[in-house]
Structures are given as structure tokens and as C-alpha cells.
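All chains are identified by letter, namely A, B, C, D, E, F, G and H, in their written order; residue positions are counted from 1 within each chain.
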Amino acid sequence: MKEKRETVVSIVMGSDSDLPVMKEATSILEEFHVPHELFLTSAHRSPERTSLFADEAARRGVKVIIVGAGMAAHLAGVIASQTPLPVIGVPVDSSSLQGLDALLSTVQMPGGIPVATMAIGKAGAKNAALMAVRILALEDEGLRRKLDVYIRKMADNIEKKQQKL
Amino acid sequence: MKEKRETVVSIVMGSDSDLPVMKEATSILEEFHVPHELFLTSAHRSPERTSLFADEAARRGVKVIIVGAGMAAHLAGVIASQTPLPVIGVPVDSSSLQGLDALLSTVQMPGGIPVATMAIGKAGAKNAALMAVRILALEDEGLRRKLDVYIRKMADNIEKKQQKL
Amino acid sequence: MKEKRETVVSIVMGSDSDLPVMKEATSILEEFHVPHELFLTSAHRSPERTSLFADEAARRGVKVIIVGAGMAAHLAGVIASQTPLPVIGVPVDSSSLQGLDALLSTVQMPGGIPVATMAIGKAGAKNAALMAVRILALEDEGLRRKLDVYIRKMADNIEKKQQKL
Amino acid sequence: MKEKRETVVSIVMGSDSDLPVMKEATSILEEFHVPHELFLTSAHRSPERTSLFADEAARRGVKVIIVGAGMAAHLAGVIASQTPLPVIGVPVDSSSLQGLDALLSTVQMPGGIPVATMAIGKAGAKNAALMAVRILALEDEGLRRKLDVYIRKMADNIEKKQQKL
Amino acid sequence: MKEKRETVVSIVMGSDSDLPVMKEATSILEEFHVPHELFLTSAHRSPERTSLFADEAARRGVKVIIVGAGMAAHLAGVIASQTPLPVIGVPVDSSSLQGLDALLSTVQMPGGIPVATMAIGKAGAKNAALMAVRILALEDEGLRRKLDVYIRKMADNIEKKQQKL
Amino acid sequence: MKEKRETVVSIVMGSDSDLPVMKEATSILEEFHVPHELFLTSAHRSPERTSLFADEAARRGVKVIIVGAGMAAHLAGVIASQTPLPVIGVPVDSSSLQGLDALLSTVQMPGGIPVATMAIGKAGAKNAALMAVRILALEDEGLRRKLDVYIRKMADNIEKKQQKL
Amino acid sequence: MKEKRETVVSIVMGSDSDLPVMKEATSILEEFHVPHELFLTSAHRSPERTSLFADEAARRGVKVIIVGAGMAAHLAGVIASQTPLPVIGVPVDSSSLQGLDALLSTVQMPGGIPVATMAIGKAGAKNAALMAVRILALEDEGLRRKLDVYIRKMADNIEKKQQKL
Amino acid sequence: MKEKRETVVSIVMGSDSDLPVMKEATSILEEFHVPHELFLTSAHRSPERTSLFADEAARRGVKVIIVGAGMAAHLAGVIASQTPLPVIGVPVDSSSLQGLDALLSTVQMPGGIPVATMAIGKAGAKNAALMAVRILALEDEGLRRKLDVYIRKMADNIEKKQQKL
């Protein structure tokens, strides 16, 4: 596990084939200098490893968990049921149903255990990291300023793109 | 737990509100005199209870597990990942999406851990029990004969209903 | 506006007809003694009021915004685009499409502006409040202990319901 | 902004990646010699720019606004909420859900603020321009005649294509 | 036909069972004092009546046509193909598919003939009338002022409802 | 129009881009030696041509009409409303929605005017021709025998393919 | 079986609960004086009865078979695979999925065996009978005239309903 | 037919184009040394062959039947209706609807005849074989041990993949 002691955000994937999608999240966390790790575990193929991870995450100092999974994407819900930390779910489009299965499996959590669900695929992975930043920025003034800059830059970029049109 | 020592089929529900649906399964098992139990546990609200159940089922002599759950219905998959027994999933229609969420969350299992998925709702619960009977009948000649009678009766019933038309 | 000075969570609704759904969120926040307010504004019918709200929320000390809206549910995304606070979206089932329109309008946010989307309807409203609690508990040990108790109680309740079965 | 003083139709896009789709609209407006502009702004990444645009459009003499956007396509609704001009929405297929998300986010507007929604993608962009022409032709006899010719030509083209079959 | 000589907006329905939905449109047009008529014709059961209507609408002084229809809702498209006037389509929820059939049949028009599609059902019928008002207000200063008042009132209403909350 | 005097089945398409799909129908009709024609007309772009075709088809001796169209596929319904002949509809997959729009627009006809709808795409076009053959075979003993042979051959082919497996 | 010697159209149902839907078909056939029968058989619960029926239908003089079934509606396809007669399928809405399952199970027949699919539910049952009439009218001048009258009456009815509006 | 006398699992396909999908099932059965056969038959194009197969399977010693089919996938249900053996269905994605048609046609079986449905496509085929193994392992201690090893290896593989990340 590419863990660093000070890991604040843990990015979990159900399969290494989800990596190209979830890299969108790592890019954002790197841009914001948020210490993070990549963790591979499956709700179904490695249930014990998943339980262990969920159980220890808070103790290890992790504050936010981002989970990407496809098909009957149970991973985010299963982890959320075993940790009090906020869990952000990213449905991955990895079946013929284009991620609709992963979306509904992630977002339609019954009352009691929430999963903060993002859009299907890369946009969702990027936004998962930005949601983690928004949460962490609540108690981190520096991060809040970076977030304000990031948001302003998005608006500026649009004006620049307008020039090129 | 309404367990009897000789329990062969365990019917698991994610919520007691699933009972009216899952009773279709108990009726069939009673009709076929298959010893069974009703077990209540949630993939999300009682994950440890769920793990314990899954872990012990085989040892307790259970041969087939039927699982009913609604919304992001992870329960069947989560149990299947912790037992080598055949698990039959019944998607329950308990959200505004009419069971489509439960169906996809149950049936779209990634390769490695199978869940034998039935139709949404009461027809599915009934068929889950009949699928359990088909499995058990492979090694139980008496049950096989009852199943043959049951199948014949269904055909006869249609002819009787034709008379009344 | 039923605001209290110390409001920490703001629950925003696009229409007063969303109230029966969003009350699930207020119940949870009351149970956890999290100061909150109910705010009514529409992305489309009162855009200025919405902008003003979004713009001032952080300054007013609000930490998490929960937004419920139906149909083409733009409200959560529109607010998220004008605040750096974490925004949690609850799709409300208020058209013939059973909330599928509200779900997709809320969750499928393009990269850059995240909305933490919950399940359609009451389960989603309840979970939105629980997600807010999880976020606030990151820096509030007392809240974290209440959350741990809440989670344990859910598991206990299932065992009690099993008795009655 | 490629604005001309006399701009009558404004074509707005949420992202420059929508350009290949929205060019179908500019082609039609060029064919009908309707002065138009291309304007890039995002409901979420540049909300102020969007508000400013919507607020000023009528004053600048714009008569019809065409808006293309993908995913949770809020842009058309957000603009419509800030202008009394007719707004035509074009859902763009830019997620794994094939434009269904953009379609529902655009068309399912709650009562009060209408968006005239077209088909997903290029056919929709083309028809958005033709709808703008139909609206403008109500008070422009010359444009009406061009429209009549255009409609007749479509029918003639089909007869020509029949020959080649 | 409840026609008045000066009819400006024609509201067309495929079946008299669509009346409860389409009355949302007449209410708005009455509120704005826009002369209108209710016309009953089916794309399939009275094709000649439909053609005659479409053919004569412009000559009779009609400026905007609003069309409500359910199931395989061809009526708006069929009328749009036989008039150069702007046609606004309202999908009516009158089958087991909850208006999804009517929505797709109305909005997915191929390139060449546009139908300005509104939300399914009553919200859509109301917005169809408001879209007609927006179009007519382009050349009618009085109507434009009424529209501005209407839009302001919607925002005010939300503030009033906030008080009652 | 590639018409032959004795045309019995008319294959109509809304666009020449539907030809690769509809050729599956011509192949079958050639195999069964059923005289047929290919006719190009659009419900929306050439409504008069469509009406004329529908009106004259029966008089010209045509017995069955096969219609292929995509998106908001009104063509089959529009023709069926203007002829007493049996009309068979083939939904063509020509939008991002994969033919679901064309399927619902073709099959969900309101009571009164039937369209015999086939599967989306090539399988549907092939089956449309086979349905035409089944209808014509009711009064044509020779055709019936060819149909029996065709059906038998399909079964034989499967046995041959088994060998190769 | 309520068979009359001269039965021309056979209406088959998968369950007696489909009767309220399929009565729409019998009403039309009675109106047109087409001799018909109601036959109850299930693709799954009485497969032999189904095969026997399909096998003998043509020999008994039946010319068109109408089949109504719900859920995974295999009955129309199964009958079509065992008879050369034209088979018309009516998807019945009898599960939580509102007939979408029955529609796709009926219409998406693979190439080789066609089922002429109608709309879901009562409109579809009515149209199934009208499609049977259109087929029979090809060789029955009297029936053709009745059909022409029926079609004219539908148009007249709309004009009468217009009066009452 | 590539039958071996001792065949325990029969893998049935509706078309030889389903082979690349169903090979996922044969690979698993080979890995577990479960004697199996590949059988090609279509519910629609070879109904007699299908009936014969279903009728004889149990007598030939087959214990579990795996069925892959696409579109209106009736094959699993049709076989299940003619055998008391457990039937596992694999929906194959072979139409423009991405396997949704095959999924609903397979899983939504009416009460009485169960089909144990797996995920669409390759993951489903693989899991079908693993479900067969779980069923057979109920009475075969050796197979049960292999299954335990297989399950453990899946978990180990994830840890290995973590290293490489």
C-alpha cells in the first residue's frame, strides 16, 4: 500500500482496472497538496481486507475516503457501514450498462448509512477529490484559499477559451 | 433467530419491511417441507451481524441462502462474498425506482462472486424458494418427486382456469 | 428564515412541497443537536435569492449545505457553484419520472463543482443529514461519539426486530 | 466574444467541447443570414459570467438564446431564470449515459421557467436554430419566405434521393 | 371549436383526456390575456383534420401552437411538419411508461423540423404557455412588462412561503 | 421509385441512412420472391409525399407496408393512420439513445391505429419481412410452403453449427 | 376452451389476470364480427399445452394469433416459433417495471421469428385486434369496408368531442 | 454435440455468436475439472431441439444447466419450464439496448419457474459457472475445497495487485 504516515484522503478502488478513472482524483489531491494513498480492495473478492481497511481508517488519521467501483458497486456502501468517516462514492462505467448499475448501487443507499455519490466516471473522480478538499477546507484556512483560487481559475479559463473560439 | 437445528434454507432480509415479499418464499418452503429460518440483518446497518451469519451458515448446516433486499441491495452480494454456499438474491421494490435499483445492485455482480438473481418482488421471492428446492432436489429423490408434482399441478391449474373463463 | 445565529447546517429546498421529504433531515440534525435552518429558494424562480444565499452561507458560519430539489434539480449544483462549502444534494421524486430526472440532474455534475448526492426521497434526506454529521464529527469529538452510538443502535435495533419476527 | 453589434441569436455553450455539436446551429443561422454570436460560459464554473450574460442579453438586442450543455445540463435553465427571452436548450451527449442526463436536466424544468428543449446532439442543435428562425420569422416576412423555401427543399431532396436509391 | 377571431395561441390536444393537463396552459394564457383556442385532433385518428388545422393556422393569424399528446406522441411533430409556426410540445403521461414514451416521441425530432419540448405533464403545459408568452413578448412591450411582473412575483412568493415555514 | 407494377410489399424509409438496416428486409423478400419496392419519404420533411403514398398504397395493390425510421419515429404511425393496410414498423437506432426513442415512438401507438412493431435494427428489419411473408402466406399456399422450408432450415442450421463448435 | 368451430383469431393469455387487458381485443373482434376464442396457457407453467396449441392452430383454421403476457413475456415468441401464422404480441403491465420488461421480452425477437408487437396494456390489446382485422381484411372485402367505416368514425368522434369541449 | 458421458454441467447457447461470452463459463469449469458440454439451440429457431434437450438433460445425468442468450432471451426460461434441474441464465449483450432486453427477459420470470440470473456478459458467464460449482460443492467435498482455495486466491490476488500499484 502506497501509504504515507500522514495520509488524509484514502482513494479505494474495487479493481485495478478502475485506476485510469480514479487518477483524476489523485491529480486533484496532488494539485492541492493533500496527502493521500491508493488502496485496492474488493467488497466481494477481499471482504476481510475491506473490513480491516474500513475499521482502521479513522485510527490511521484518514479523514475522507473516496471509493471507486463498477457494476453492482457495493464497495463504497460496505466501507461506509464500517467507518464513521465521510465516504465519497464514484460509480465506474465498467459494464454494458454504462455505469447506470454502478450509479444506482452507490447512490441508492438505504437510510442510516450515507455515501456521497459523484457523477459516473472521470468527472465524478475529479469531483470526489474536490469534495474531499471542500470538507478538509472547513478546518484548514490554507486549503480554503487554494480552493478559492481554483474556483476563480475555472471561471478565468472559460474567458480564455472564449478568446480562442 | 427463529432457527431450528436442522435449518436447510436460510431466508435473510435487509429490513422487516421486506417480510410481506419474502413470505412468498416461506410459503413455498413450507409446502415442500424444507426446514428454514428467517434471519434479519442489514449489509449496512449491522455489518458484523451479517458477516457472522455468512461465516457460520455453512457450519450450521444451511445449504442455500435466500436474500431479499431493496434500494442499493448489497446484502446478497456481501453474504455471497463470505460463504461458499449458493446465494439467491431477491430484489425488493422499496424505492421510487420500482426495484430497478435493487435489481441492478443484486444481479450485476462482478466476476468471482455469483448471486443467483430472481425477479423483483413477490414472484422473485416465490421463485427463490423454488430454485432452492431445485438445488436441494439434486440429492433428495423425495423432494424431486414433490417438485415434479408441483410442476404438473401448475399446468393442470391452467386447464382448470381455462374452464372458468 | 428560521435562522439561528449559530446555524451550522443549512437545509435548502426548491419548493415548500419538498418539506415532507426534507423533514427527515431536520429530525436527524435535531437528534444530534446540530444547529440548523430551513431555507426556501428556487434555482429558477428566485435566482437572486439563491445567489445571495450561496454567497453569504460561509460568512454566516454555515459549514454544510443540504439541498433538496425535484425534476430538473439544478438547485444543489447552482449553490455549489457559488460557495466553497460542501453541498449535499437530495433528489426529490416530484414528477412522473419518479425522481430519475432529479437524480441525474443532481449527480451528473461536470468536473469542477461537486455535489454529494444521496438517494432519491426520504432515505436520501435522512442520509444527507447523517453525511453532514460525519463531516462535522471530523473536528467535533462529542459529535463523533454520538455518531458511534447512533451506528451501534442501528445494529441493536435489527437484533430487536429479529426477536419480534 | 465573436459578437456583432446586431446579434439576434446568441448560441451559448457550457464547454468548448460542445462546439462540434453546436456548429450545426451556426450553419443554419448562416444559411438564413441571422446575425449570431457564440458565447462560452458554464452554469457551474463561471456562474457570474453566466448571470451577467443572461441579464444583459435582452438589452443587447438578442432575441433568442440557444444553449447547449451536457451531463447535469443546468445552463439553459439557469439562463432562462434570468432573462425574459425565449431560451432553447440542446442536450449534449457528453457522459456515459448518452445524453439522457442532459435531456432530463434540460427538459424537466419545474413550472414557471420554460426551456424549449430539442433532441440530443447534432439534430437538436440544428433544430434549435430552425426553431429560432421560426420565432424570428413571426415578425420578419423575408425570413418567413426563406423558411418556406427551406421546408420545400427538404421535401424535394427526398425525391432526389429516391432517384439514387 | 372555441375559436375567437383574434386567436394568437392555439392549444391542440390529441385526446380530450389530456384536458386536465392542458388546462394549465389555458390558465396562464388567460392570466396574460393572450387570445387562445382549444383544438382537439389526433395525429392518427383524424389525420386530415390535423393537416387542415396545421395548414390553416398561420393564415388564421395563429402565431404559436402548443400541442399536448401522450404515448407515441406524434401530434406535435406532425403539425410542425405542416406549418412554419413555432410548435411547442407537451408530453402527456398517459401510459404505464409515465410519459417517457411521450417525451422521447416529442423531443427526439430528426433535423429539419423542430418541436420545442417542455416537461412531462402539468408543469410542461404551464411552461408551454409561458414559452408562448416569451415568444409573443418579443414584439409586444405590454406583454413583456406583464412577464417581468410575473417573474418578479414568483420570486416574491418564495419569500412569502419562507415566512410560513 | 424502384416500383414494379405488381409490388406486394412496400418498404418505406424515413432517411437513406436507414438503407443498410432495411436491406435485411429486401434480402428476405427476394429470397421468398415477393415483389417489393423501396420508397423514401419522411413523416416530417415530406409530409405530403407521405400522405400521397399512404393514400395510394392499397389502390396500387400493395398488401403490406414495412416502415423503418429512427429517433422520434413517427413515420409508421403516420402511414398507418392513412391506410387500412397492415403496417409493420422497424425502429432504427440512429441517435445516442440506441433506438429506445424509435422503439417507443413506434410501438406505443394509442388505441385505434396499430403498428406491428419489430426489434430495433437489422433483426427487426429481417423479421418485418418475415412477418409480411407470414401475412401473405395466409392466402398463398406456395409461400406457406417456402415459409415452412425456411423455418425448418433455421433449425437445421443450428444442428450444423453445433458440429463446428 | 371457448372455441367455436370457425375460430379465425385466437387470443392467448399467459394468466387469467391478463383478462381485463385482453378484453379490449375481444370487444374489437366482436364489433367486427370476427369469430375468435380465448385460450389460456403459459409459456413456462404449461409448455406442452402451449406447444400443442401452437402446433394445431393453423390446422384448426386459425389465421391470426394474439398473445398477451407480462413480466419476462416469452409466450408470444414461443408460440411464433411453433407456427407459421402471424403472431401479434401484447405486453401486459404486471410487474413493478410497468411493462417495460414485457415490452422488451416481446419485441426484441432475434432474426428469424417475428412477433408483431403492440403498445403495453389496453391500448395494445385493442390495437392487436385491429391489426388482426387489417390482416384479415386483405382478403375479405366486407371486413375492409367495416374497417373503413371504423376509421372514419374515429375521426368523426373527435369532431363531436370538440363540440363538447 | 461435444458431450461426454459424464457431463454434469450443460452450457447452452442461443447462437454461436454467444460463444466468446460463454467461454468464460467453460474456463471456470475446466479450472474446477467439472465435466461439461457446449450445446447450441435456439428457443425460437429450433424449439423442438430445445424441448428435447430440456426433457433429456436430467436423465443424461446433467445436474446444472447454464444458458446464455441475447435480445428477447427466452431460452433459459423455456428450458427451465421443461426440466426440474436448476437453470442459470446469462444475459448476452447482442442488441443496441446493451443487454437490458436480455437481462429483463431472463430475470423477470413469473412465479413458478425460476431462472438464476447472472450479470450481463462475460462477468455473468464466469459467475454462472461459479454458481454451478457452489451448487455441486454442496455434495462434493473435494469441489468445496477447490472453491475455498479459489475464493482465497481472489483475495490474495488483490494484495498482489496492490503491490504493483
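The criterion applied here is as follows: a residue touches a chain if its C-beta (ideal position, glycine included) is under 8 Å from a C-beta of that chain, and two chains touch if they have at least 3 such contacts.
Predicted model, so just to flag it, every value in this text is computed and none were measured.
Colleague: What is the set of chains touching both chain C and chain G?
Modeller: Chains touching both chain C and chain G: B, E.
Colleague: Specify, for the interface formed by the sequence copies chain F and chain G, whether it is same or different in terms of residue numbers shared by both sides, with half as the dividing line.
Modeller: Over half of the interface numbering overlaps between copies: same.
Colleague: Calculate how many whole Å lie between the centre of chain B and the centre of chain H, each centre taken as the average of the chain's C-alpha atoms.
Modeller: About 19 Å separates the centre of chain B from that of chain H.
Colleague: Averaged over CA atoms, how far is the centre of chain C from the centre of chain E? Could you give it in whole Å?
Modeller: Taking the mean C-alpha position of each chain, the two centres sit 35 Å apart.
Colleague: Once you find the CA centre of chain A and the CA centre of chain B, what distance in Å lies between them?
Modeller: Chain centres of chain A and chain B, defined by C-alpha means, are spaced 34 Å apart.
Colleague: Just the number, please: Cα centre separation of chain A and chain G in whole Å.
Modeller: That pair's centroid distance is 52 Å.
Colleague: Going by the touch rule set out above, which residues of chain F reach two or more other chains?
Modeller: 42, 45, 47, 71-72, 95, 97-98, 100, 107-110, 112-113, 119-120, 123, 154
Colleague: Which chain pairs here would you call touching?
Modeller: A-B, A-C, A-D, A-H, B-C, B-G, B-H, C-D, C-E, D-E, D-F, E-F, E-G, F-G, F-H, G-H
Colleague: Using the touch rule from the top, collect the residues of chain D that touch chain F in their complex.
Modeller: Touching chain F from chain D are residues 93, 98-100, 119-121, 123, 154-155, 157-159, 161-162, 164-165.
Colleague: Any idea which chain H residues touch chain F in the complex?
Modeller: Result: residues 1-2, 16, 19, 38-42, 45-49, 71-72, 95-98 of chain H touch chain F.
Colleague: Inside the complex, what are the residues of chain C that reach chain D?
Modeller: Residues of chain C touching chain D: 14-15, 42-45, 47, 51, 70-72, 74, 77-78, 80-82, 95, 97, 100-101, 104-110, 112-113.
Colleague: Would you pull the chain C residues touching chain A in the complex into a rising list?
Modeller: 24, 63, 84-86, 88, 103, 107-120, 122-123, 126-128, 130-131, 134-135, 137-139, 144, 147-148, 151, 154
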